[in-house]
């Protein structure tokens, strides 16, 4: 189940990266090749970046790639495991908390649409809320997994 | 009780909105002694215009001053004030803004968004910079014309005959210098502070948009104020309005005089521009494009007086 | 007082190895909630933090960098420069700096240099037997040249915020960027005098020529990017897309060094690295909103700057403040908050705003190398697997040449202003 979620996250995030390249390239081509350049590529590429950021935050939690300040080095032992467990638990709570923030913003926006593309702005905040919620799911899964990656998790992509 | 109002906007601390507007308001509020004070946040410190609109709605920012069309995705009617050639002059603008119809529009804004308008300050007219003189719509044919990423601004550009290229503000200078785009439009003060005159040969005083920016307060904040505080705030905003308008006008005049003197850029004055041709073309385009919308109808009606 | 509590809680969460993004966002969000602000504001600030067209350069130049890595482009640049310079003691130190100078002509951000070149530079240096700390240190330090030599994203933001000419600021960065390279090269030279460093054998002219031809398509990348920008075919941000397409062309068609599976891996890597960095940008936007709200930077600098009427001392104070601020704030955010406030002082002390822009950007770039919020360190940690602690220890000595270059640039305005004046800005 979680595997499917991870594959989906990866596929969607890669799609956003490809979209950013495609949209930015189209913007250049359209300026030379057409009498009326596209007026929506800029906004859409920004939205792709925003979606990539927040959904990617979940993806990165799943692959233990978040940037952390790790001054302790790769220490093993009970203390380190305790810190890891605590950290994962904090990620679960933080993800839920920020997800609620994102959802409340989405709800407050109603049907307001982006100027150039007509994309409902609430949709982007739902992506933010979903990204943070999935972050919690990944952290929760780690908390209950016994596969023993406890010491090197959250340490680089 | 005592209320400190967070007044946030996007302009630099030296902009007339700050120096002739907010700073003066702060003085007057202090003198009035009704338990109101102002804390100013210029220069996008608390967010861009679109973000500040969000924050005024949610009450996280108490007051702001806007380009009207930035409120349009919440209340479409606001497009009316930033549409091409809707007004002939700043005086003409206040005829609509302060009319009975104007009052209905501001009431609509309040009901739709929770943003209460207290007054309007003159932001200035938008003019065109290019590497050739622009005297009629024909001069803009095929010209790659930078606009903010906003559907009304795109149509405004089309309405005066240009080819709109939406582009982020921060990229404009280099894009002009390198010829990625040919022209752009902005108020004179922006043209000066962004040094567009360094990379463009002509400023044509088309004045295709005369912007009079609504000064607003969050309804959430307003409901916390007592009657005397409300009266005072309203009076203070109105009280500084003429001063702000005067500051903007004298700044614009000084800029034109400076450019004419130092010849950093050639100024094409309004009387050398075929305004009738611009107005006719723009008004036809806007009336046709937005004919189905409520504001489009008011536009058509107002410009055909 | 409450602001100090906020900063302490951020530091505590960082110590418990919470991801930096969460350690910044959550306490800041709690702070605004307790301060009576709406539930929505934290989400809005995170959104606003990444809702910026120039930031698209981050995934674009990262992808270009990853493709150059995967497609053997960066390697060939290295092979060529190393074949030419290899017989010099500590050659890869100089190669590292030269590569950053070349790359800075196509990159506008230090993190992009670190992400694009960093992995291959550190890998190559470790393989040749260089000390890991030295490798990561010179890589981190040289990455800060990227946003000094044009194009530069911080320069765009500074020019807009301070109301100075972007063209002038761009061109003002050329000589300071080269001076930084020189200062770092001197540091490498000093290091090689006191440490045992590997040296390769001298190669024949024919060998160097062969390496040059092999690297030519790769060496053309910055030429195409810079010529494209300055001939007006595309904007600096759009140049990122051109860099991606060109790298893909060279990797897939010219060098035939990339498979579909590898392409997928590169795309996924780019998505993850972008998200890991951008989510911090988003989170720091909440934190910096709180700082702006409490007018913390203004209070801080009013206290510091109200003490002198000497421009000499003022510039020194500003540099100290910027270096300190750079430790906790991401540069663009710091520019947006501090620059409007410093402008009146810049005028009062009679300094040139373009010159001041170069100082500001360089000082904040050094902040990318200093913990707790040092994005370049995190990026290098991400792309090379070097521990953050090693990255910090390795980078520390290279702050000396960078700060020396900064002081020289600060007190000899001609270094920055010669070219803009020559070109008539």
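Residue numbering begins at 1 within each chain, and the chains themselves are lettered A, B and C in the order written.
We take it that a contact is a pair of C-beta atoms (placed from the backbone, for glycine too) under 8 Å apart; a residue touches a chain by one contact, two chains touch by 3 or more.
Labels paired with UniProt names: A = TRAP transporter small permease protein; C = TRAP transporter large permease protein.
Note that the coordinates shown come from a computational prediction; the quantities given were computed from them, not determined experimentally.
Asker: Based on which chains are in contact, what kind of graph results: line, ring, star, complete or other?
Answerer: Graph shape, chains as nodes and touching pairs as edges: complete.
Asker: Of the chains present, which has its C-alpha mean closest to the combined C-alpha mean?
Answerer: C
Asker: When the C-alpha atoms of chain B and chain C are each averaged to a single point, how far apart are the two points in Å?
Answerer: From the centre of chain B to the centre of chain C is 36 Å.
Asker: CA centre of chain A versus CA centre of chain C: separation in Å?
Answerer: Roughly 23 Å, centre to centre.
Asker: Would you pick out the residues of chain A that each touch at least 2 other chains?
Answerer: 42, 108
Asker: Could you check chain C for residues that touch two or more other chains and list them?
Answerer: Those would be 38, 40, 44, 52-53, 233-234, 237.
Asker: In chain B, which residues are in touch with two or more of the other chains?
Answerer: 58, 167-168, 180
Asker: Residues of chain B touching chain A in their complex?
Answerer: 57-58, 72-74, 142, 144, 149-152, 154, 163-168, 180
Asker: What residues on chain A touch chain B, complex-wise?
Answerer: Contact set of chain A toward chain B: 31, 35-37, 39, 42-43, 108, 112-116, 121.
Asker: Mind listing the chain C positions that touch chain A in their complex?
Answerer: Residues in contact with chain A: 13-23, 25-26, 29, 38-40, 42-44, 46-47, 50-53, 55-56, 59-60, 63, 233-234, 237-238, 240-242, 244-245, 264, 267-282, 371-372, 378, 381-383, 385, 387-389, 392.
Asker: Write out the stretch or stretches of chain C touching chain B in their complex.
Answerer: 32, 37-38, 40-41, 44-45, 48, 52-54, 156-157, 159-161, 163-168, 170, 229-237, 289, 292-293, 295, 336-337, 340, 343-344, 425
Asker: Show which residues of chain B lie in contact with chain C when the two form their complex.
Answerer: Spelled out, the residues of chain B in touch with chain C are 6, 12-13, 39, 41-48, 51, 54-55, 58-60, 167-171, 173-175, 177-180, 193-195, 198-199.
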